[in-house]
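In what follows, structures are represented as structure tokens.
In the two assemblies presented below, subunit A is common to both, partnered first by subunit B and then by subunit C.
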Partner chain A sequence: MSFWEYLGNRHQQLLTDAFQHASAVFQCMVIATVLGVLIGVVSYRSGWGSSVAITSTATVLTIPSLAAIGLLIPLVGLGVAPTVITLTLYGLLPIVRNSIVGLRGVDPSLVDAAKGIGMSRITRLRKVELPLAWPPILTGIRVSTQMLMGIAAIAAYASGPGLGNEIFRGIASLGSANAINSVLAGTLGIVILALLFDAAYVLLGRLTIPRGIRV
Partner chain B sequence: MSNDSPSGPRSPRNAPASDRDRPPGEHDVKGLAFHDEEEEPSPPPAGRPRRFTWRKLVVVPAALAVVLVITYVWITNVELDSIAENSLAGDTVQLRWWQHVRLTAISTFWVLIIAIPLGIALTRRGLSKAAPVVTAIANIGQATPAIGLLALLVIWLGIGPSTAITGMVIYAVLPVLSNTVAGLKAIEPTLVEASRGIGMSAMGTLRKVELPLAVPLILAGVRTALVLNVGTATLATFGGGGGLGDLITSGIQTQRMPVLVLGSVLTVVLALLVDWLASLVEVALTPRGLEVGQ
Partner chain C sequence: MSETVAATEPEPAAHATSGATIQLEDLTKIYPGTPSPAVDNVSMDIKAGETVIFVGPSGCGKSTTLKMINRLIEPSSGRIRIGDEDVTDIDPVKLRRKIGYAIQSSGLFPHMTVAENIALVPKMVGWSKSKVKDRVEEMLDLVGLDPREFHGRYPRALSGGQQQRVGVARALAADPPVLLMDEPFGAVDPITRDHLQDELIRLQHELHKTIVFVTHDFDEAIKLGDRIAVLREHSHIAQFDTPEAILTNPTDDFVSGFVGAGAALKRLNLTRVRDVEIAEFPTVTVDDPLQSIFNKLRSGPHNELLMLDRRNRPYKWLRRGDLMRARGSLARAGQLVHDTVTRDATLHDALEAVLTDSGGRVAVTGRRGEFIGVVDMQTLMNSVHELLEADRLTAIEHQHDLEELRTHQTVQELEGGAGA
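Presenting the complex of A and B:
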């Protein structure tokens, strides 16, 4: 069976897998972004706090994802739970680091001015600091998403959802005619999803980065 | 320092006779005492910050040792059935550990051999036009999942450690390459011009000016490659390459949690250990002049 015939025959399954892959990564990215920016906001003002935040998230990133999944299985079982936890944890690092860097990079005189015209701490954060720190945070989100695409593929080994299942099906049936089709479909599918997400982020950047600080 | 040098203008030996009765840094002009003001702040060499602080040297290995001891005590006391015992029998665990180390070391070696010269070549004048193409390929490569790449290689090259190493090298070359290119490109062009201007050859400029200045970024790339390779080496098991991934996958397949946890813990310990060693190397090899002040 040629690759195109394979795609034609299995398109239902492949589309389901692709959708689940994208949706798992997307949902985990939303959680990771909210948590990451929150950690950044809480810790960026104290040197100690932000170094703890960055060191601990960097340590998580050093751990191979298969080992992280392996450590989670005894605690939460197989399937969706370890996938979601792993993806969220790994997605955090670039976002936490970039929100701390971004928030620290905001010109203090602007924050002072905002304080001077009577903005509260929350309003300052919402109207001045976060919009100015948004471009680096968005970069962090892009980097995270690309990484999670690959990790989600590995999570399929622990019965997680997504295109990784195609790859592992191919590995399990090495030597059979469809092995290469299955692996190729899974791998190319993930590459395409990653590029689509990246394009979406570029668009999101055009729409959400304040006009005044666009480069 | 300047006090020991015999030619130093203010060393007591060649100072005017009347200065010899005064404390260093004080001069006698027509009976009045004058202080050298610029001598007062002590020069940096005495107070150079130490490169290796105790915290940097001790915390990580101590924490990892504690984790290993706890795991050892737990694994020797937990009830193992015959399947779990089989997976850990003899020196399987040591074998897998050393396979993992070997996979990581060999692939990192090849990554450096390929990526650093290629990065240097891409920043030379003749090839600099190819750089954007390589960056584009690198970006697509980064979107490729490691497991997919490895699976394709296994189908193409067959099962075995060399397939796993090939995959790891392909996967880790890109970050080191882009770090090398970025490091060399970030060098102030006037410095290169100046060194050419004083008569250094292109090779001499590269060796004495450009490479030392790019060292921090290149080393950061090497550290990234090491950490990536420790991680990708866990996937070698899917290509018959062995390594600690074997313990993890057999633990998942046979549903034996002790095997799974032991494999995972050892992988985590190895990854953090490698990252720690790489960070020490990074500190040791960075040229003194480029150190960022604390």
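Presenting the complex of A and C:
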């Protein structure tokens, strides 16, 4: 069976997997963004706090993702839970780091001006610091998403959702007729999803970065 | 009908808040971990509607002192009073909304348009949308920017001077009684700075805010200040007085060092041509017959005449002999007047004109350019001498008063001590 025939036969299954893959990554990204920006906001003003935040999220990245999922299975069982936890943790680092870098990069004289004209801590963050730090934060989100696309494939090892199932099925049946097709379809699917997400982020940037600071 | 129109017509000058007094009492700032205070025991009374300049070398604590007024830096001890209110312990966020604040780099938020920047404080204090909108237009107008053109622009599309104007507009938007300015014109080129200073003088003339202005440029201080506080390390006040008094009677070597050379020259910037004696000068007009001009030149005590054009404006300097050399042709005779000053010009400008003029005098003109009189070297020298002498006398008198006050106080203290 040629690759194209394979796609034609299995397109239903492939689309479902692709959708689940995308949806898992998207949802984990939302959680990681909220958590990451929050960690950034809490820690950026103290040198000590932000190094702790960056080091701990960086440490997570050094754990092989397969091992992380494997270690989570006895704790939270199979399926969605270990997938979501792993993806969220892995997605944190770029967002935390870019949030801290972005918030610290806001011109101190602007923060001084914001205070000076009577903005409260919250207003300052909401109206001045976060909007100005948004471009680097968005870059962090983009990098995170690319990374999670690949890592999400591993989730199939814990019976998680997504295109990883295609890849693992192919690897498990190496030598059989459709093994290579299956791996190829899963991999290409992930690449295409990653490109689609990236395009979406470019659009999001155009819509959300204020004209005055757009490069 | 006409009454309703008059009632809805905004009268910014009428309902604008004018300045409030500021009192600093033993204000001290000690940063943790440093042995000596950054600001040590500053006390100062600033009158309502007054422009006070803090001037001093960098690192002397002048900015710190300024930032303690709106409590961007919390004082370690001491009290701050604005108007009748002790603001040392009130919510700093509320306090700052009542104090305009303009800084060196303009501090405009780059992600907001000019209008959004200006609208920030009025919105925060809860003005209605339509009132905020009107106010933005009014403020842009006030600082000399066309509202239609600049309203929707982002700060990066403005020149440094324009950004600074918007910065001042933002600081004044909610009509605060007090305006703090931290080296606002430090980062713009000298020509623009000069314009902005003139503009600020004009604004202050209309608004009568209480302005506290920090700079390290003594010339800027002289130009803008009603009073100048010369500060040395730890924000100790070396002298706090009018520009005239500081120029003519610096209290010590530190102040005179800061005033720099040429105090007499700087004094010229403080006096206008209208304050000195403007001498009369024989004139003729272009329509006078040649013979009468001849006679005037030959018979009069002057060697020289000023010829006016048909609208009474200075046209040519005519010397005895000029007519002869030009063989009687008025068109060729004499020297064109190339520089005049108005009565509002500073003596500095007048001196400049006198020095560049070959005859050592300059024609003074009125509002429509009509001739009023001349100022020459001798007049300038005399009036400068008089000014300096007068300054010296007031300074001595002032010192005398102070001494008397002090002896009075000492006597009282001694008596009080004896009573206890």
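The rule we apply is simple: the second predicted complex is superposed on the first by the 215 of 215 C-alpha atoms of A that agree within 3 Å, B and C clash if a C-alpha of one lies under 4 Å from a C-alpha of the other, contacts with A are read in each partner's own complex, and residues count from 1 in each chain.
Here is the rule we go by: contacts are C-beta pairs under 8 Å (C-beta built on N, C-alpha and C of every residue); 3 or more make two chains touch, one makes a residue touch a chain.
The model shown is predicted, which means the values in this text are computed figures rather than measured ones.
With subunit A as the common reference, subunit B sits beside subunit C without any clash. Measured by the number of subunit A residues touched, the leading partner among subunit B and subunit C is B.
In the superposition on chain A, contact of A:Gly116 is made with subunit C only, not with subunit B. In the superposition on chain A, contact of A:Ile213 is made with subunit C only, not with subunit B.
Looking at the shared chain after the overlay, A:Leu132 reaches subunit C, while subunit B stays out of its contact range.
Contacts of A:Leu196 after superposition: neither subunit B nor subunit C is touched. Of the two partner chains placed by superposition, A:Leu204 touches none, neither subunit B nor subunit C. Residue contacts after overlaying the shared chain place A:Gly70 against subunit B, while subunit C stays out of touching range. After overlaying the two complexes on the shared chain, residue contacts for A:Val42 are found with neither subunit B nor subunit C. Of all C-alpha pairs linking subunit B and subunit C after the chain A fit, the shortest spans 20 Å. Once the two complexes are overlaid on chain A, none of the subunit A residues touched by subunit B in the first is touched by subunit C in the second.
Looking at the complex, you find that subunit A touches subunit B at residues 59, 62-68, 70-71, 73-74, 78, 146, 149-150, 153-154, 157-158, 164, 167-168, 170-171, 174, 179-180, 183-184, 186-187, 190-191, 194-195, 198. Residues 140, 142-149, 151-152, 154-155, 159, 227, 230-235, 238, 244-245, 248-249, 251-252, 257, 260-261, 263-265, 267-268, 271-272, 275 of subunit B are the ones touching subunit A in the complex. By the touch criterion stated above, subunit A contacts subunit C in their complex at residues 107, 109-110, 112-120, 123, 127-128, 131-132, 210-213. The touching residues of subunit C, counted against subunit A in their complex, run 70, 72, 93-99, 101, 103-105, 107-113, 120-121, 124, 154-156, 170-171, 180.
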